[in-house]
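Reviewing the structure listed below.
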Amino acid sequence: MNTETTRVEAFSDGVFAIAITLLILEIKVPREDAAGPLAAQLVRLWPSYLAFLASFANIGVMWLNHHRLFGLIRRSDDGLVGLNLLLLLGVTFVPFPTAVLAEHLLGHEQRTAGLLYAGTFVGLAVVFNLLWRYVVRKKLCAEHADVPSITRQYAFGPVFYAATAAVAWYSATACLVVSGLLAVYFALPPRLWRDA
Amino acid sequence: MNTETTRVEAFSDGVFAIAITLLILEIKVPREDAAGPLAAQLVRLWPSYLAFLASFANIGVMWLNHHRLFGLIRRSDDGLVGLNLLLLLGVTFVPFPTAVLAEHLLGHEQRTAGLLYAGTFVGLAVVFNLLWRYVVRKKLCAEHADVPSITRQYAFGPVFYAATAAVAWYSATACLVVSGLLAVYFALPPRLWRDA
Amino acid sequence: MNTETTRVEAFSDGVFAIAITLLILEIKVPREDAAGPLAAQLVRLWPSYLAFLASFANIGVMWLNHHRLFGLIRRSDDGLVGLNLLLLLGVTFVPFPTAVLAEHLLGHEQRTAGLLYAGTFVGLAVVFNLLWRYVVRKKLCAEHADVPSITRQYAFGPVFYAATAAVAWYSATACLVVSGLLAVYFALPPRLWRDA
Amino acid sequence: MNTETTRVEAFSDGVFAIAITLLILEIKVPREDAAGPLAAQLVRLWPSYLAFLASFANIGVMWLNHHRLFGLIRRSDDGLVGLNLLLLLGVTFVPFPTAVLAEHLLGHEQRTAGLLYAGTFVGLAVVFNLLWRYVVRKKLCAEHADVPSITRQYAFGPVFYAATAAVAWYSATACLVVSGLLAVYFALPPRLWRDA
């Protein structure tokens, strides 16, 4: 268990894959006896679609960064496995604030729902930082890893997600849009736009 | 992350496997206090079975093509991972239009439900084309890959699924049957019938 | 895609693992405002526990046999992948008849529910035979595979499960118990009892 | 099937990952038309969060110990696969007692719910012991494995979880907290605190 990360990655991939797929269960199917045309009912579900998209994007980008991070890690130890479980705890929690925000996106309680949503991702960004700092301190990563720039990039995570919490103070919808864009930004690094 | 596709495939396999298995949760179990004999209630659920079958077949065949495609890909990059996440977004969405169509298959809103269903697969077929064209342009695939014929085959995807949308204009049930047959056709290539 | 079975096995493992884990969602949690003591309510759920156990055992033993079978398969082809998807279709369907049987185990419709349940496993056993015969005919399996004895063992599958359907004609509970024992019997081969 | 454990581990990882992720589905999303402020409703859900945390921690630590255990196992046989399925049966069951305990944590039936919860983990700890003793007796583990100390450590499992059952006699909340701490204790071995 001290030298390889394969099974930790396999288990993590499973948790990421399930959490990202369970999001769809929160979108309620319009029943046949509901009032009004189906098209209108489907359109009225847009808060659920938006929450689904934003959470899919954020879990996807976290998986991507987890993938990149473990690509740099040369050995595992019990502390890393423990911190990784803490990260997965946050990932499995995401469907709950997502559903709460979808339910309350247009209501008068949208601020509370938005803060819960943004707060979840602030917490996740903090755990990513703890995990990376642990990796660096215990010298678990590959020689060629560019430690200072990764540390700097990760340090911005909690700050950016805290900014989405500030946005949630004014509009839960805006918070969701900003969260989604933040994820897209992290997922598609500049060089994609340069080379593609 | 630039040279191997193993973990991208593992994560994708997880998402495909979960999305295909969650479909069963949309078939509602007849309760003991429901009116009429159980056999009749089970038979009346046929729209749910048909939707389950068609979506299972389509997700299955997309997994199969994803498997074939990644068998040709020699290296991965951030753009490929990003486009793959877009594809998985579509895959995780499938249980929703499936449930909507099962609920409305015999109702007067079947056209809307059928268009949502067919539209989802048109979107997925478009993303498959974007992914393949990206692979070709960035030269990520193996030397021996028969690029022109794969490009041609993929190009038919959106056209065929758009045809099922046209069918949905007349009958949601026919749309579902055609979608299912389309998947079976893609899953079982001609040489199976020749060699088996 | 013609020479390795790794990703087919990974996808299949995912589907088996999810189908076996989703079974628990069908056991309804007694609510706090329900009448009577909780202990009695938990005991009254025994049809759900029994159905959970029997289906867990049967999916588990199918995974085990899938594992054994693919351990003998040296190459894959499109027909094998297609038949494997047919098998997985049956596996993902299992939670539905399980829930139907748990709901109706003590009611007057238990015969219908039992036949649906047993019929599902007869179908799965037939697909296992189709898969194995395809493997043999296409010479996809390893040289050392003991083809005649595997063919004989598989041929008993549909017969045994059809016998549980006959049992279901008299008692759904007995059908469930027999199905569970059948799975345990297949899972724990004689040599375990000899060597352990 | 006699010489490698890879696919057994992959299937087990899938089951652990799904069971741990399904826990979130048991936390009920407050609906928009519910009485009182959303913040208060979210706070009132604390029994669900606590049950989620404790079960996540316990499934996580079981995965960790499964990972450690299979790291020592050099070959697999049918008995090991059978006992592993028994262990996975317990793991997939965990979401049910978790949901029962969350529902009844503050009610007058908390003792019954707590005993069900603690009893589930006593059972799992017993199966871990059976699995390990089987591995030792059949000489399936690596030469370097420190058999006596692992045997001793595992033997404490049922005792410790039985102690949480005794705690449940007095308070279900305390039982949950102790279960969670027990998992954290097992997950983070002493050397982490020494080296970190």
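Labels for the chains are A, B, C and D, by order of writing; each one numbers its residues from 1.
We adopt the following convention: a residue touches a chain if its C-beta (ideal position, glycine included) is under 8 Å from a C-beta of that chain, and two chains touch if they have at least 3 such contacts.
Remember, it's a predicted structure, so these values are computed and weren't measured experimentally.
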>> Validating interface symmetry: for the copies chain B and chain C, is the fraction of residue numbers used by both over half? Same or different.
In response: different
> Computing the C-alpha centre of each chain, which chain sits at the greatest distance from chain B?
Replying inline: D
> What is the distance, in whole Å, between the centres of chain C and chain D, each centre taken as the mean of its C-alpha atoms?
Replying inline: 25
>> I'd like to verify one number: the distance from the centre of chain B to the centre of chain D, where each centre is the average of its C-alpha atoms, in whole angstrom.
In response: 36
> In chain D, which residues are in touch with two or more of the other chains?
Replying inline: 10, 14, 17-18, 22, 25
> In their shared complex, at which residues does chain C touch chain B?
Replying inline: 1, 7-8, 10-11, 14-15, 17-19, 22, 25-26, 77-79, 81-82, 85, 88-89, 92-93, 95-96, 99-100, 103-104, 107, 109, 112-113, 116, 134, 137-138
>> Quick check on the complex: what are the chain C residues that touch chain D?
In response: 9-10, 13-14, 16-18, 20-25, 27, 29-32, 37-39, 42, 52-53, 56, 60, 63-64, 67-68, 71, 187-189, 191-192, 195-196
